[in-house]
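Structure first, then comments.
Should a chain be cited, it is by its letter among A, B, C and D, assigned in written order, with residues numbered from 1 in that chain.
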Amino acid sequence: MAHRGLRVAVVGASGYAGAEIVRLLASHPCAEVALATSGRSAGRRLSELCPWLHTDLVLSDFDPASLRADFTFLCQEAGFALEHAPELLATTRVIDLSGDFRLKEPSVYERFYQRERPKGAADVRAVYGLPELTDVEELADAKIVANPGCYPTAALLALMPLIASGTVVGTPIVDAKSGVSGAGRSRKETDYLFSELSGGFKGYAMVGHRHTPEIEQMAGRPVRFSPHLIPAARGIEATIHAQVTKPPSAEMFQAFYNGRPFVQVVGSPPSTKLVHGSNLCLINVDYDASTEFAVVSSVIDNLVKGAAGQAIQNMNIMAGLPEETGLPVSGVWP
Amino acid sequence: MAHRGLRVAVVGASGYAGAEIVRLLASHPCAEVALATSGRSAGRRLSELCPWLHTDLVLSDFDPASLRADFTFLCQEAGFALEHAPELLATTRVIDLSGDFRLKEPSVYERFYQRERPKGAADVRAVYGLPELTDVEELADAKIVANPGCYPTAALLALMPLIASGTVVGTPIVDAKSGVSGAGRSRKETDYLFSELSGGFKGYAMVGHRHTPEIEQMAGRPVRFSPHLIPAARGIEATIHAQVTKPPSAEMFQAFYNGRPFVQVVGSPPSTKLVHGSNLCLINVDYDASTEFAVVSSVIDNLVKGAAGQAIQNMNIMAGLPEETGLPVSGVWP
Amino acid sequence: MAHRGLRVAVVGASGYAGAEIVRLLASHPCAEVALATSGRSAGRRLSELCPWLHTDLVLSDFDPASLRADFTFLCQEAGFALEHAPELLATTRVIDLSGDFRLKEPSVYERFYQRERPKGAADVRAVYGLPELTDVEELADAKIVANPGCYPTAALLALMPLIASGTVVGTPIVDAKSGVSGAGRSRKETDYLFSELSGGFKGYAMVGHRHTPEIEQMAGRPVRFSPHLIPAARGIEATIHAQVTKPPSAEMFQAFYNGRPFVQVVGSPPSTKLVHGSNLCLINVDYDASTEFAVVSSVIDNLVKGAAGQAIQNMNIMAGLPEETGLPVSGVWP
Amino acid sequence: MAHRGLRVAVVGASGYAGAEIVRLLASHPCAEVALATSGRSAGRRLSELCPWLHTDLVLSDFDPASLRADFTFLCQEAGFALEHAPELLATTRVIDLSGDFRLKEPSVYERFYQRERPKGAADVRAVYGLPELTDVEELADAKIVANPGCYPTAALLALMPLIASGTVVGTPIVDAKSGVSGAGRSRKETDYLFSELSGGFKGYAMVGHRHTPEIEQMAGRPVRFSPHLIPAARGIEATIHAQVTKPPSAEMFQAFYNGRPFVQVVGSPPSTKLVHGSNLCLINVDYDASTEFAVVSSVIDNLVKGAAGQAIQNMNIMAGLPEETGLPVSGVWP
C-alpha cells in the first residue's frame, strides 16, 4: 500500500454519501480518513451505524475550531456548510456535498432551498465541481468546491455537448429517474418504507425540484426537469429530449469528453446497473429524425459519480493527483 | 354467481396477457372462458403452464374453422390476427391484442412491424378500442376491436385532454417507463434474466418504437416517444411534457373523463403500484410556469388497463354490458 | 351483485391487514364494510390514507359503546383486543387479527407479548380460527375468533399432516421467510427503509419469536422456529424439516385436506408469487431418504391467507356461508 | 501501483464468476489477467459481452496446449476441468470453480453430477480450497485447488465450529437461500426471467442438491440441506439448526476463526446486503434453550466469497501472498 499522505475528515459519515466516501477511500492509495463525525452518534464506532463498513473509526463531534485536515467532506443537509464553511476554511480545504454553494444567485438559493444565506457566506468563493465541465485549473486551486447534485451530474453530462454544439432549439427536457438512496438515510416517512416502494415507479416534485436551477445555471437556459423514483437502491438515468437543428452524433460526444476517464459514450441505452459502484457516466446518443429531436440517455451511480465518487475526484484534482486515483470504473454486476 | 352467458375463447392463453384474461374473467359475472388455446401445448392443462391460475381448462389447438364463441381474444404476436381474422369473423366477434389492426395506414404498419399486410385484411374494419377516447357506439357495434398497446393507453389518456384543449405547441414529449412483463413471457434472451435486470433501469428503442405511430395516429401530430424498463414486473408510467399556451388544470382533465369509471385525476404523481392488478388509469396534472410546459403523469397496470383489462372492458361494451363489469379498481398493495 | 347482507366494521382500516380486508370485501357478494376506524385519522377519507383503495369510506373514531355490526375485524396491535373485546361482544361478533386471544396459557402470552392479560379477558372464550385445522362447528358458533398469525398459518398447514400421521421424531424445524409487509405499515425505523432492505435477505428474532408458542400450541410439542425477511412486499414460505419414521407422501397431505378449497398439494416447491393476492396455501412434500427427514414447503400470501383473507374465511364460516365466498384463488402473476 | 507479477488466465470469462474474477483482479496489486477465453465468443472484446467491465481484453479460444499462465481459473460447467486439468497442469497451476474436484469419492461425484470421471483424473490431486477450514500449508503447495461451492462455503463456515466443538447431536439442518446469480448467466429458461422471479421466493432441489455431499464430506456426517431462491441478484444466507449438548457462543466462533481476515462474528442476524461485493462471511450465533438447538446464520456474496473472491484468496495463498491481498471487505451499500 502506498503512503497515504492526505488526511481527510468526513462530516456526516453515517449517511449514505458520507459512508460511501469512507468505503471508497479505503482503497485510495494517497488519502485516509483521519476524522469522521456524526451529529447524534459521537463516541460510537462508525461500523455500528454502518455495519457494511469494516473500519475502526470512532465518530467524533463536529468541532470546526479544532478540525485539522487536508480535505474535509461536508455530507450534511442544506444550511450546514453555509454556517460552518467560513470558519473551516482557515484550517482545511472543503468539498461540500449539499446545495449550499452550488447556485450563484443568492435569491435563487433562497427560493429553492427556502432558507436565507447568512451574510458571512458571501465571501466564500466556491468552485462548482463537475470536473468534466468545470475549468480544471480553477478546481485545482479551489479552497472550497461545491460538489454537484446527483441529477445535475447525470443531466449536464448528457446535455452540455448538445448545448455546446449550438444546435439546441427551445427548452430541453430532462426526464430523470433515481434510485431511492437519493432520498438519504434519514427519511423515515411511510413513503420510503420498502413495502410502499417495492415494485412501483412514480414521479415526484415534477415541477420546481431544487436541482432545476442548478441544471439551468450551467446550461445557460431554462430547462424542463422532472425526477422519478426507481424501485432500486442506486442509480440515476436521465433522458434528454432536445430539439436540434442538426443530428447529434456519438463522435461529437466522444470528442467533447476526449481524454476524460469517467465519461464513456456507448452504443445503446445503458442500464444504471452497469455503473453500480462505479464512478463512470455512460452516455448513449440517438436522433429522432421525424421530430428532429436529439435523444440522449445517461446513467450514473447517484452515490458515486453523483456524490461520493465525484467528491473524491474533486479532491484528487485539488490535490494535484490524477483525477481517477483510487476510483472504481467497472460496475458490480449482476 | 350470476348466469355466465357469454362464451369466450382465449387464443394464446399461456402468455401474460392471455393468462390475465383468464384470471380476470374468473370473477366476471356474465362471461366464461369456454376455449383456451396455446401454440405448442395443446392437450396440457392451462394450470400446468400457468400454475398461478386455478382452472380446469385444457388447452386446445387453434382451429379457426371450428372455433365457436361470442368473443375471441387473440393474444398472439403481430401477424397472427391479420392472417386469421377474416375467417374468424364468420363465427365470432374478435378482440385482438396485437398491433395488427391498430394502424390505419398499411404502409406505416409495414414499416414499424416489418411485415406485409395480407390482401384479405383490407376488408376487415377494426375499431380502435380505447374506450375513453373512442366512439363508444362504434365500439358497441364492432365485429373486431384493435385493443390498444400498453404505452399508447397510458400516453394517450394523459395526452388527449391537452390536445383536445387546443393549447399544445410543438411536439409533445412522452417519456414512458414499463415493467418487464411488457416484454412478454417468451423472451428468453440473457437481457431478460432476473440477474441482468434487477436493481437496474434503462431506456430501449429510444427512437422508432412501434408504439410511436399508434400514439401519433390518435394525437393527430408527431410525438416524441421513448420507453424505458422499470425493474418491476408490472406497471407503466408515462410523463408527458408538452408546451402549452395556457396552464392545464385537474378540473379540465376531470371534465374530459367525466362519468368514465376507469380514469381518475389525482393530486400528486401516482405510483404504478397503486394500480397493481387494477383497470384504473390515474393521472396527475402539473404546470411548469417557468417553461410554460404542462407536465402530466399517468399510470396503468400494463397487463390490465394496458392489455387484458381493457380487452374485457371492450368486450363489455361490445356485449352491451356496463363497461366496468367484472373489472377490479382497487390495486393490490403493498 | 347479490344482496350484501352482512354489515362489517374494520377497526384499524389504514394498516396493511385492515386495508386488505376492505379491498377483498369490495368483491364479497354478502358483506359490506359499514364502518372503518383509524386511530389518528378519524374524519379523513380512507382513500386518502390508502390511495390504492377506491372507496367512499370516511374513517371514524373507535367507539366500542356505539359500534353496531354483524362482524368486527380488529386490526390493531397486541393489547387492544384484550382491552375492548369484552365490551364489543355485547353488540358484535369479533375476529381479532392480533395475538391477544391465540394463546391459551396466560403466562405464555405474558412472556412473549410482554404485557399482562387484563382480568376481564379471562371470560372471553375465543376460538382459534385456522379453518383447515380447527373444528369448523366450533368456529361457526364462535362469538370471537382469534385469527392466526401469518407464520403459524404457513407453518401449521405444512406441519400438521405430519404430526397427525404420528411419524415425527424429535423437534421439527420451521425455517420461515416473510415479505416485508409482515412488519406492518407503521414501522418507520431505518431498518425498514427501501434502501436498507432491497436486494438483501436476513434472519431476525431467530430464537423466541412470539409466533413460536402459537405454533407449538397446536403442534402439541416444542418446535424450532426462525423467521427471515424476503426482499419483497408480500409472501411467506415455510420449510419444515422433520425427522420421520416413515416417508410422507403428497397423497397423505391431499387426504388430510380433502375437500378444503384453500389448501393445494403441488408437485414442486412453490413460489410465494403464485399466491400473490390469493387465499390459497400451496404445499410441496419431499422426503430425504438419506437423513430420514420429511421436507415440506408451504407458501401463502401473508396479507391474505396469513391475515385478511383468512379473517374473511372465518367470517364466512361464522355466518354460515361457504368458506370460499368472495375470496380469490388465482394469484396476480407476474 | 505495485508490480503485477502474476500472469493469470480466466477460462470462461463472460459468465458471472469469470467476469467477477476479472473485475476483482483489476484492483489486485500483484496479478493481472493475461488471457481470457470464452467458448463461443473468441475474437470479441470481453467488454462487449460484459459491458460493466472496462477492460481491453479480447477473448481467445481455449487452447490447453498453448496456455501459459502462473494461475488459471476454470469457470466452466462440470466436466470441463476433469477433461482438461491433466494437460493444463503441465504449464499452469489451476483453480477450478466447478464441482469436478471437490468430492473425494468418485462414485459420489458420478451420482450427483451424473457423469463419469475420466480415468486420467484419478492422478490429479486437488486440494479443497476453503482457506478458513483447509490446511493452509497444503493449499500453498497445491498444483490444483477445488474452489468450494457457494452454498458449502456459507454452510460450512457456520457449521464447522459447532462440529469441531463436539457438541452436535443428530443431523444438522442447513436451510440456505441464494440470490439468482447463483444459477449462472446462461440459464435462459422461463423460470429465470425477471418477471417470473421478481417479488417471489421459493425452494428448489429441496432434497439431493449436489452441494449436499460437499457439505457432508467436510462435516463428516449426514447433513439435511435445502436451498431456496431469493428475489435478488447476489447473496447467500444459510441458517443452521443443530441440536447441541452445550450452548454455543460467539466467543467460541471468534476463537475458531481467530486471525482470519474474512470471517467475522456479529451480534445479530446479518443481511446478505452487508457483504454485497465483499469477500467477508458474517456469522451470528444464537441458542434456543427451549429446544436445545444452536441457530447459526451466515451470509456471503455468492459471487465473491462464494466463487471469484475465494478463488483469488486461494491464488493469494498459493502464490505466497497475504490471503487478503486485493480483496474488498466493506460491502457496497445500500
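The working rule: contacts are C-beta pairs under 8 Å (C-beta built on N, C-alpha and C of every residue); 3 or more make two chains touch, one makes a residue touch a chain.
Bear in mind that the values here come from a model prediction, so they are computed numbers and not experimental data.
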| item | value |
| --- | --- |
| Fewest hops from chain B to chain D - one hop per pair of touching chains | 1 |
| Centroid-based (C-alpha) most distant chain relative to chain D | B |
| Comparison of B-C and C-D by number of C-beta pairs in contact, larger one | C-D |
| CA centroid of chain B to CA centroid of chain C, Å | 35 |
| Euclidean distance of C-alpha centroids - chain C vs chain D, Å | 39 |
| Contacts with 2+ other chains: residues of chain A | 16, 179, 181, 185, 195-199, 231-234, 270, 273-274, 276, 334 |
| Interfacial residue positions of chain D with respect to chain A in the complex | 1, 16, 19, 23, 26-27, 50-55, 181, 185, 198-199, 233-234, 264, 266, 270, 273-278, 280, 328-334 |
| In the complex, chain B residues that touch chain A | 170-171, 173, 175, 177, 179, 195-204, 206-208, 222-224, 226, 228, 230-235, 237, 239, 241, 243, 268-274, 276, 284, 286-288, 290-291, 293, 295, 297, 299, 334 |
| Residue ranges of chain D in contact with chain B within the complex | 16, 179-181, 183, 185-190, 192-199, 231-233 |
